[in-house]
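Next come two complexes, and both contain chain A; in the first it sits with chain B, in the second with chain C.
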Partner chain A sequence: MQRKYNPQLTYWLLVLPALLAMAVFYFYPVSRVLWMSVTIPEPGLGNFAQLANSHSINRMLWTTLRISLISTALTLILGYVVAYVITHAEDRRKRLLFMAVLASLWISVLVRAFAWFALLRSDGLINQMLMGLGITDTPLPMMWNEFSVLVGIVHAMLPLAILPLYSGMQSIDPRLVAAARGLGANRRGAFWRIFFPLTLPGVFGASILVFIYALGFYVTPALLGGGRKMMIAEYIKVQILEVVNWGAGSMLASVLLIFIVVTLAIVSRLVDLRKLFGAA
Partner chain B sequence: MMTHTPETDTLKIRDLSKTYGKFRALDTVSLGVDQGEFLTLLGPSGSGKTTLLMSIAGFIQPDHGQITLGGRDITHMPPEKRSFGMVFQGYALFPHLTVNDNVMFPLKMRGEKGAQAARRVAEALELVGLSDKGIRYPRELSGGQQQRVALARAIVFQPHMLLLDEPLSALDTQLRGQLQSELKRLHRAVGLTFIYVTHDQSEALSMSDRIAVMREGRLEQVGRPDDLYDRPANRFVAEFMGVENFLPPELSGGQHTLALRAHALELAAGRGRVAAHVTERDYYGAEIRYTAHTESGVPLRFKIAAGQGESLPQEGDAIGLDWQDKDALPLADH
Partner chain C sequence: MEDQSFAEDFAEIMRDQDASGMSRRRILQSALAMGVAPLAASLGARGVLAADKPEVVVVNWGGLAVEVFQQAFADPYNAEGGNMVIDGSGPLNGKILTMVQANDVTWDICDAGVTTLADLGPKGALQPINYDIVDKSKVVDGMTYELGVANYFFSSVMAWDSDKVDGTPSPADFFDTKKYPGRRMIRKDSQAMLELALLADGVAPEDLYPLDVERAFAKFDSIRDDLLFWSSGSQSQSLLRDGECVMGFLWSTRANMLEKETAGRIKYTFDKGLLQPGLWVVPKNNPAGDEAFRAIASMQRPEEQVYVLEQMGNGPANPAAAEMVPEQLRSANPADPENRKVQATLNADWYIEHHRETYQAFLDRIVL
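Coming up: the complex of A and B.
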């Protein structure tokens, strides 16, 4: 007897290896972290109480949220401009600009952080220039603070914002803007009334992507913040590797995870997530 | 009715050229369009129809030449200042706005608001028969309905002129015929100047006051539909007007190439004016279509009504063909 071809089964067999890998390397450790956060040092919600009690954790969470929100806003504004220029560039220049964006994506975050270090520190290039031009007498404090962290994060996130924004803008029929002009809108009117509203799904998608990424950013804030402006990822690492406080560390990791899942859940109620990330 | 006096709103295009790299998309095009006229730009794909229309609308800057409207130079005027209504190929409705807001858009851009504007929107939608679709979004409408919204949006602000780029090309034959007559009705009702782009010969013939035939960026002939149909200037225009047969001077016996429609050729009783032999015979029910070739290899196409009983020529038969002089169109060149 010939076995009947079962598309369902084939489908599951094809995704099975990936599912297994996810289960072993992802779901298992994540559930361990969740488990640890309510069992170490003793079973209960003691760790989570620190969210209300611990002054330093509170401050760190606010810092994380603030930096993430500001860097998301800055990234979106800069990324929007770049994506707009790429969308409207001629083919040759478009390729060049794309390479530039991707190149910055391919250069290690580490290298990029050190590059900013060279530019921003008190005897760095920018301060030398400002003092040389007589704009300021004393070097501006641009390193080891929130400013340098923001600069680093925005720089690292830009390609992440540009790509979905670009793909959104690319799919807008250029005739729509032309039609708006033909119907009496000037350049500005055509942009704000037609082009911009049509890019909003892309803006929304890029914001979510960048914001979630920024929340968990580690290397850049750690290097450019110099331990003074600590964000949650670095704080967790300090708790676990330096203070050896697995309870607080795993609790904060869980908080981050839950916060992201809840954010995504709310967003997905508002808009179609698959469309947002370009699937549909 | 067409008037040929130089009116205030006459559009004049003088020596317009546009090149892309080395490619000439428009080559010294000169054309005048009268107030209230329905002018059609007709030509094959890539002949420069859209480029010419976009230059008139102000979306394309020509390299040379001048466009004037009522004597005023508008060559470098931005599109939003020209007040031409435009219907793009594919309609270009704003997908994030309702039908009402789409039609309201040009009014809003002109600072018109409130009850007055709302009334004009309602009137425009009524004119195209979509009064009940105002609160829908474009994606909820059929192709023909979208097309009519685009039309309403283009006329609501009472533009000087309506520019339409193959507005019906995406529709099926039936809807197309229906919208063709709606467009003509609209043209009569509002008395606007229409510049209409199509590559459909029969559409051009049935709708236009005048037709401008384009080829490779140049105007081949401009004239009334019956001018073009009965007196094509050259072989290209004749072919575009559906003429199948071209007899070179040595076969026609005259000085010019003769253009002959398939129905103008008839089977001769004897030798006829041209001798040929049948190479193809296709049965179409009501008629039989023949292709014959002369000795020198010139193809000739003609038809015979079916059911005539007596013996019809078969493939390979030697025949003679005749025509009436009044049906022959002498061509000026090639």
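Coming up: the complex of A and C.
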């Protein structure tokens, strides 16, 4: 009797350990959070009513959404330029540019936030330079506001945008642009009508990745926002650990989770998610 | 084996007496007098006795405090056969509650404040202090609570940058941005900040409680655009040191460090400040049981508390410590009689009743 080889079963067995680990260490705690949001302090949707009633929650959600959207847009624009340059650079320079991008990815967000503090504060390098050159008389308010938070977040997320954008651009056949030029398109026309549309899937994927990351930023806004620009992650932390209002904290965590899942669900209707996140 | 268990028993009696006021030297003397010389030696060093005393984990907020608490509290306690460990991981209220609810408490004594009583008391997460073991007479009047006992004092005070602020500003000037333009910083917490605003607005210390929360909010609202919020002591220190703020409400310990490290550029005053107790609390079902209270009693020794003052600026909670404080440290001691005169003192009952909704309202109205 020869046992029949069942590839389906083998695949499942290989996936099983990872799946179990996810179930125990991820899905179970997350479902607990969802459960807490409708049971603490009393069963019902009381916590979710705060979304409509609470002034600070409203402001905080709006700040979170606004900062995430603006920083995603800025990151994409800057990242696109860098990815374009890397794609078209010769090999040696390409390696150097990659090193620069990755080095910033590997430096802790905490260190990067402090570095921006040193640059942006009133007695900081940039203000000293501007005043030394006589461009301004008084230090520019670059710290403790939305500007500094955006600078910090965009800086932290640039590598996350550059890498998928680069991988998209790299797979574009360079002869297509050359063909467009040969057929009489000028440089701008060739870029906007041939190259750019081909990079759109990469742009889309990078935006989703960056936007979802931005929603959860904690250290950067906490350090660079001077306490005023509280985003959802910090607000949840305050509710769970300081005010000890687990109902509101778990409700906001659930809102964030549901929002991200719904966003991904909508996006997946429009594009192939597997392609976005690297599967060929 | 027989001898050892006798010695152990003796040591335990001695330690209990020690907790109720007998000095270490007297224990050693009586041990010698009774002819238990080996015991006298073992009291001086961690010996076999350490093994069967339960480990007592004291959790504080890290940094310098770990080392200082080790030297001030743990070393003397361990020298007498105890086993105290200092953990600097920060006993946030939410963390204590998580441990208690998960029935997995690893902390015995937490360095907390009145907000812990307010947030965790009603949730049943704290053990009542056993005042048969902890000595009430070794704590300044009124600073012993059912669920917590004062271990040191700290103050919230006003500090300013003398490079940018001429003369000595009064606390009322904190809210006068015309007279002294520039950013101000306060803590991202209603605790003590509301009191300082009301005191600056002319409320007398004895009329402070119940707090007129609305009036304090209006005060902060008037300078909202110039406010920054700090969330850790080190952050408050760097904001003033780096010139990001011209004035600030912060802890006296940090203000004192600032004055030293900037050679007097940053100045502070206890005038119209608020004296607050740092409390020991014991989480429900703590692993060491009653030994935690013996450890607290051990930490009531005035000389240990004065050492903490010398190293970190926390004022001793034991009134007997007042006269042991060296002359040059008195001006920086938040609990010094001279400094107490010009400050108000926090009322824990008000906090237990109102802190939670006030803190949330502070976030709603002032911070965001």
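Things worth noting here:
The rule we apply is simple: the second predicted complex is superposed on the first by the 276 of 280 C-alpha atoms of A that agree within 3 Å, B and C clash if a C-alpha of one lies under 4 Å from a C-alpha of the other, contacts with A are read in each partner's own complex, and residues count from 1 in each chain.
Here is the rule we use: a contact is a pair of C-beta atoms (placed from the backbone, for glycine too) under 8 Å apart; a residue touches a chain by one contact, two chains touch by 3 or more.
Bear in mind the structure is a predicted one, so any value in this text is a computation, not a measurement.
Once the two complexes are overlaid on the shared chain, A:L102 sits clear of chain B and of chain C alike.
When the shared chain is aligned, no partner comes close enough to touch A:M129: not chain B, not chain C.
Number of chain A residues touched is higher for C, counting chain B against chain C.
In the superposition on chain A, A:I258 makes contact with neither chain B nor chain C.
In the superposed pair of complexes, A:R59 makes contact with chain C only, with no contact to chain B. By the touch criterion defined above, A:V243 lies against chain C but remains apart from chain B after alignment on the C-alpha atoms of chain A.
In the superposed model, A:A222 makes contact with chain C only, not with chain B. Once the two complexes are laid over each other on the shared chain, residue contacts for A:I77 go to neither chain B nor chain C. Shared-chain residue A:A23: touches no atom of chain B or chain C. On chain B, the positions that touch chain A within their shared complex are 57-59, 78-80, 83-86, 88, 90, 92, 94-96, 105-106, 109-110, 153-154, 157. By the touch criterion given at the top, residues 54-56, 59-60, 63, 121-123, 143-144, 222, 226-228, 230, 238, 240-246 of chain A touch chain C in their complex. Interface residues of chain A, counted against chain B in their complex, comprise 173, 175-176, 178-186, 189, 193-194, 197-198.
Here chain C touches chain A in the complex through residues 92-95, 97, 119-120, 123, 183, 188-189, 227-231, 242-244, 356, 359-360, 363-365, 367-368, going by the rule given at the top.
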